[in-house]
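See the structures that follow.
The following pair of complexes shares a single chain, chain A, combined with chain B in the former and chain C in the latter.
The block that comes next holds the complex of A and B.
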């Protein structure tokens, strides 16, 4: 599965980057491709390309604050959580994401 | 309840605070350095009649004076996007003008944001007026409605409420001060600069805007002391021949402690994450002790940020020093005592801890 996402916390110096790292590790461990963009106080880093977004099966937003350029993900399956969840339980979050994606594909097929 | 949650009030407040913090830090440092060297923050800098330190203090003061405006603009932007900025700015300035201060700024921001959204949604204009919508109609209508509500309806009650709060806090006896300081210290430490800390921050910043400097001093001293306490724990533990940090964590401490000295608590988070419960306990105990001492002794920094740089701005700098030392010692000792000894093997590996279950309410799927 291809995952893209954005991490952004209130102060934008710590939780943002921890969330990014934890999500990347957890996703890789589960055998997924992942790219997480960080929107910290320093600005946007590791910016997602249009190609990455187009290829993604699901978008994970680990955010406590409003993010910029959210409209890029329009039409995608978006899963939004507070950064805290990504930091504390990244592996379980990825499991949940897998289930949600699976369900939505089944729903689409049954239609 | 669910309706309220959908409004995402806290999220909007946090977004605004994320814009506020660099301003508090930048301006706070300016005013702390300026006042530390004997400058004062002035309303107007008259050519030839001010020193360099007066200039610095004035720059900082100007920035901090606009915080109600920043919070209003930030909230309004968070709710309504770009169209929210202009009315948020105007209503924030209005809140400042009527003396509704920081609370006024927060309420004004919500007012402005939701008004702008409502106008966008319900006001249909003919095609030729489409261009006027973002440039004139939304900023003007939102500002006039929100501004009038601020001036004639909510402004005075908020101003009255803040002065009530101020008086109540000023007349607290020493035992209540102890409790209050303890609570502020505990809450601000317990999530290491996360949402709880920032909510308390918004609250104590409000009080500082009303001239009560104790609570924010307590909060920031706790933020300053926590990472230093983590550093001290390393040495205390060594006395007991205990290794409480992995090699990686010790490396983290080398940058976390200096960051702590200048008031940034977030550096210790990677360490906390490996052993959440014990670290939070040590921080909470130390923070409660430090906050209580700080309030009891009356440490009263006039700046809302700066770590040790806040000390010179206090009436009695020793009060802040004592509060810091108490907090650092308590956190350090507790941590050294309750953290488990690491074997050589554990020192070099990262421990995988059991993950918390995810609360389904925390997940939103679109």
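The block that comes next holds the complex of A and C.
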């Protein structure tokens, strides 16, 4: 599965980067491709490309604040959680994302 | 910036409540001005209200960006005894890693701190910090960016 996402927290120096690291590690461990953009105090890093977004099966927004350029994800399947969920339970979050994506594909096929 | 001032370690720190921890941090930021100390404590409380700063079992990451912080710092507080009740939801805190970010800090220092915070995603690293018995070993474990 291809996953893209954004991490952004209130101060923009702590949870943003831990969430990014943990989501990337958990997703890779589960065998997925992942790219997480950070919008922190330094600004935007690891900015997602239009191609990465187009190829993504799902978008994870681990955010505590409003993010820039959210409209890029219009029409995509978006899962939004507070950063602390990504920080505390990254593996569970990825498992949940897998289930949601799988379920929506099954629903689409049964139509 | 001198690494010795950027990373501070308080080992076997005898703090017993969240309030004592907040006061301890505010004292590091400013020793003399009571209103500044109160403002720092309020900022720490506000940040916690916005979302938990618990980053792993037993480990909290209080952090603020403030005009009152003169030099950005990373402060390790290894408690002498766990704080068994931090609040209604959080218990058994043994290690606090405090990020004090000066308002309008340079890009270089912000980057340095962000690289440091990424290292905190590694639970084995946090466990090594939690399990270090001596201050020397604890300081040796710290990943200095």
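Simple rule for what comes next: the second predicted complex is superposed on the first by the 111 of 111 C-alpha atoms of A that agree within 3 Å, B and C clash if a C-alpha of one lies under 4 Å from a C-alpha of the other, contacts with A are read in each partner's own complex, and residues count from 1 in each chain.
One rule holds for everything that comes next: a residue touches a chain if its C-beta (ideal position, glycine included) is under 8 Å from a C-beta of that chain, and two chains touch if they have at least 3 such contacts.
Predicted, not measured: the structure shown is a model, and the values here were computed from it.
By the touch criterion defined above, A:11 lies against chain B and chain C together after alignment on the C-alpha atoms of chain A. Using the contact criterion defined above for the overlaid structures, shared-chain residue A:54 touches neither chain B nor chain C, since it reaches no partner.
In the superposed model, A:64 lies in contact with both chain B and chain C.
Of the two partner chains, chain B is the only one touched by A:100; chain C is not. Contact with both chain B and chain C is seen for A:41 once the two complexes are overlaid on the shared chain. In the superposition on chain A, A:84 makes contact with both chain B and chain C. Overlap of the chain B and chain C interfaces on chain A comprises residues 9-15, 18, 41, 64, 82, 84, 87-88.
Partner chain B is touched in their complex by these residues of chain A: 9-15, 18, 41, 64-66, 77-82, 84-85, 87-93, 96, 100. Partner chain A is touched in their complex by these residues of chain B: 11-12, 14-15, 17-18, 21-22, 77-78, 193-195, 198, 264, 266-267, 269-270, 273, 276, 355-359, 362-366.
Of all residues in chain C, only 47, 50-56, 61, 63-65, 99, 101, 105, 107, 110-111, 113-115, 117-118, 120-121 touch chain A in the complex they form. The part of chain A that touches chain C in the complex is made up of residues 9-18, 20-22, 25, 38, 40-42, 64, 82-84, 87-88.
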